[in-house]
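Both complexes shown next keep chain A, but they swap its partner, so chain B is in the first and chain C is in the second.
Presenting the complex of A and B:
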């Protein structure tokens, strides 16, 4: 999908002079990990509505929590990534074979057979899962205590939340998209400040390691992103 | 509406490895050639250039260089009693599209099969008796020998620029190479790539155990090199973005780096992109092809392209699909065992053991696609099939090919797949795991085949091709044997912990996780028109001016990555066409 010029990431945050430097191929020394210009609370989603956005914030915060070492989904702006993916070609299933007949409850080994696009799966599964939370836990997902949220997500992962067959890929999509947003190049809206790459020790888009082959040593350089920024 | 274009001498369907090889070899003969490529134009610049190609999401995860199921897919079922369903998104395998085909996005492992893989059926009967072949297994001989094909492997390896270490040169065993390989006429054109930490650790332990480790033969250049067409490769810089990506560094052998710029200089060769061939058109009597009909995406119309010679050089699945749609060869019938087109589809039986070392820095991002170390002590020519109770073999290998984090970080069993435990796990274990894999044969069976689906159609209204395939006990026994050998090695490697993933009894084919893009068979070569789709020169038995290149020719899958054999067979067929067919067009057998 064509990378749009992100409007909430470092590239605009750095300002026009920094962008010009990127275009000129000059290295940019990033300061600290990104301070996004628009907070997640103030971000206006492209695809998700308010309730869906609140759910994605709450769910991704449990899938990759902030506590412990390393950044969480919220610090890395994973929800922005998910919103943009759902607004674009991925959400619309533009690459997928979407001709019927559909056998949504087929053996999972035969792959996804839902008639719904990924964006439609999110749109229908979020309220269905929220309703299951209310029915079984007494409140919508966002209002539950963190440990209850974790149990609810585990039930979702285990296929125990009464989702219709055409929605059964929801957990797999949510988990995959969350990890994508955590690790993908920051130009897609997540992995703010390359924090996930710093955390695990992945050097990003450096793409030249010949002199490092076979050396059992910690690689000393921080990551670089596709825009040429360093962290 | 259809337009009819002026006749060509040759039309080539697909401009990947085999189409490019055949294109340049026939262009030298002065023939008027048109290649039709269903996908877009692709060149190193701009399509693979730094830094844009170093984008894991776009290419590694969203499959930017692969075929889009919306445009082209298959249906799958595990047995003849199931209703096949469409592969709606890619998973198990990743066919490419566009100029260069799958030749741009492979890792570059470039092997030659063992000598006994070409005559597997005869070899088994001769050494272990006909009863060693289980009911329903339909293995066949290829109709060619390692000796006959050796010059064509040599040609392909020197054209592509393969880095490796010979193990057997004209019968002399060379220390440090694979002592079990079939004799080769000379060494590889390039020395092996530098060795990564995981490969060194595996090599040392395997050697201590009495095995014969050798560097994996690799289509990632280790030195600067100029090939027979004047194309130049530069040494691989271990960028860590090989498989699923085009090479930014002119280091990975591909049609782009090894052939296409030389081919474009021939005025008698031209190609069209975004031009998907819909069918091969046959003469009224069905005994020759008259050309092809394709969809011109730009003009939004069908085009009839007459030609004297039709070369099917698409990916294995698409060659077979075109044959089924066009009436080339009788479709295979699994009930009777009769018919040939679509027969003996097979895949690859792989497994692996992951080893964790908290104190070793593997730096998996510093990787070439196909650097690594292998042993062939359990190859298909080293195993007593009678004693072990299976037919087949594997090479066993180590060599990290990338450190891309979305594609997966190996974590010790029991680590959660999300939440605080997952986050802690990736912090502790990224760069601290290696794996030892087995890459093994997958044999052919009466009920594993390709035909046309009765329910689903593509965007042109053509039936999708239907794949009927499942794992079989023979091959599961083979991979379990390899598991035991690999775990013996893992025990010696001093890891903090290790864990295995191999198919076990009752395993079913799961199309979701990536396994390998080594789909073979369906257009199998042989010596008998009643049991094979093409003759030993890859010429259709029923239409002498149709040649079908690629891994579709394999009567069962070899224990190796297929590209070496695909390239050698393309040169073998090209020479037969130039020397024998063009002077006197006719069935060559």
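Presenting the complex of A and C:
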């Protein structure tokens, strides 16, 4: 079953990295491109199921919207980053200490207390949050109007959506992973075409700017990523 | 007519006799060049040190194998030659060899049974090793090296190079007189000359080969001596002359790179890394200084006007520092891939990142060494004084053939470098050879 696409963001699905870059008149790297990115509509998630994928598309589109300044989460393929991370070591909590005791409702200042891996948090929290939306707003998150979606996410951030204690880090994870997908090297699936780097003027993995230290000027050269692609 | 036939017949018979003589008459072995007392004994450690000076280990030890048990594949223009087992094992090594047998192998390139050794064994140079060092080495191999029973791959070159008797003719042409007489009264220079020409066998790689593939210069008196050669696809740079890799270096620079694999200008690459790993890092300070002084002495002192080049900001430096988006691909690739360590002035950092300006690997006539370095990277050997194995990553996954060609061409023309451009086809060849 293809993912259900929320109508408010449908036009944004045009934006796989290359086409977005062309539309924006950005320089395209001159070297032989790797596999061209398939559109988000045609992308087959590695971890997320159809409903989860639809939720991530809708939620990240509100966290970093495409309207206004700079590219949004969808043109930069943040959902792909999140899906891949959840399918890999990050999702499986490979680098986290995952032995008990777990006191899920301990003081938040004591840090992560959930027995769940990040992938499990997403898997359990998405339907729980969607159910809260149904209950309080009359429809699942994806079907809500953008302003209502923003309000729902605000409630999620404020801990007012009745999530179980072991899911309380969901918003923090979602926000963090969205930012990471936006700014991380494109090799991880997000930041397509280095668009976020171009937007903020980050020159990428060039690693040496000795001649530019202390100069109050814009560094003129576009970014390079870890794979050596140029934009 | 009959007379003519007689003459022809006579010549044929003579030819056959000569051929049989070449093949079957035993080779005259070169005797000891210095008479030592029969009870002469090397000092403790002398034999091992002489082995280090001669770097027996690099060729006679397989990667990961027992020391001196041989079987290392040595690529030569004629084919692959497998080094022999020189541990004192009676059956597979040199356990049954007499001192005279050992000397004949080093001086004349013959085994006890008269078989000629391929000149991958540098007897062109080893025939200048002194009797003390030779006897100490013999003593070391016989009494200190543990015997290892290991048969090695048989070297089988294609015809005519598999006809080892032909080497006897080759030696008549190629070998000069055994023994060593220094060109100088200065004891330090004389020691340096001995180490370079004899045990160090520098000329085996750093001298060009002549028409019969013999070293075109084995001693300081020869014009071609250390004027650069080729080894396993890499250029062994000239150590003297206008393209000298050590031009402008001090004695301390030369001693440093031999002792540690790195100095303020450069880092050893290719086969020379093995030389530092197995040989030169074990040289005494005095011997390193002697080698350095001798090698520097082969080079013309730098023109003082040329030295000011170092302080000038080059056009390349200005271009790279400008970071203008429309610069040529090669320069852009330098900023994206190399600049982090080698910097816009191409001067790197002392003992860590080699200089690319004036770098002999970068400007070598054949770009293969440079391309191998860009594609595959390199890792310095650990040496006692500089143990850290500094590594440059390879860029094969990051740059395609056109990009590597553009980058290499840029490097070869930047900061005053003046070497020919590189095309993508050459890059593809080197990439294939690396896989």
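Keep this in mind: the second predicted complex is superposed on the first by the 194 of 231 C-alpha atoms of A that agree within 3 Å, B and C clash if a C-alpha of one lies under 4 Å from a C-alpha of the other, contacts with A are read in each partner's own complex, and residues count from 1 in each chain.
By our rule, contacts are C-beta pairs under 8 Å (C-beta built on N, C-alpha and C of every residue); 3 or more make two chains touch, one makes a residue touch a chain.
Since we're looking at a predicted model, the values are computed, not measured.
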Between chain B (first) and chain C (second), which does A:212 come into contact with in this model arrangement: first, second, both, or neither?
-> both
Given the touch rule stated above, what does A:220 touch, chain B (first), chain C (second), both, or neither?
-> second
Scan A:230 for contacts with chain B and chain C and give back first, second, both or neither.
-> second
Of the partners chain B and chain C, which touch A:185 in the superposed model: first, second, both, neither?
-> first
Thinking of the overlay built on chain A, is A:68 touched by chain B (first), by chain C (second), by both, or by neither?
-> first
Which partner does A:144 reach: the first (chain B), the second (chain C), both, or neither?
-> neither
Per-residue contact with chain A, leading partner among chain C and chain B = B
Chain A residues where the chain B and chain C footprints coincide 206-208, 210, 212, 219, 228
Please name which positions on chain C make contact with chain A in the complex.
-> 321-325, 329, 332, 335-337, 339-341, 343-344, 395, 397-400, 402-403
Using the touch definition up top, name the residues of chain A that touch chain C in the complex.
-> 27, 30-32, 206-208, 210-212, 219-222, 224, 227-228, 230
Which positions of chain B touch chain A when the two form their complex?
-> 50-52, 54-58, 61-63, 68-70, 73, 76-78, 83, 85-89, 91, 194-197, 200, 235-241, 248, 360-363, 365-367, 371, 403, 405-406, 409, 417-420, 422-424, 426-427, 430-431, 455-457, 508-512
Over in the complex, which chain A residues touch chain B? Could you list them?
-> 1, 3, 62-65, 67-70, 72, 90, 94-99, 101, 103, 106, 108-113, 150, 153, 157, 175, 178-180, 183-185, 188, 196-197, 199-210, 212-219, 226, 228
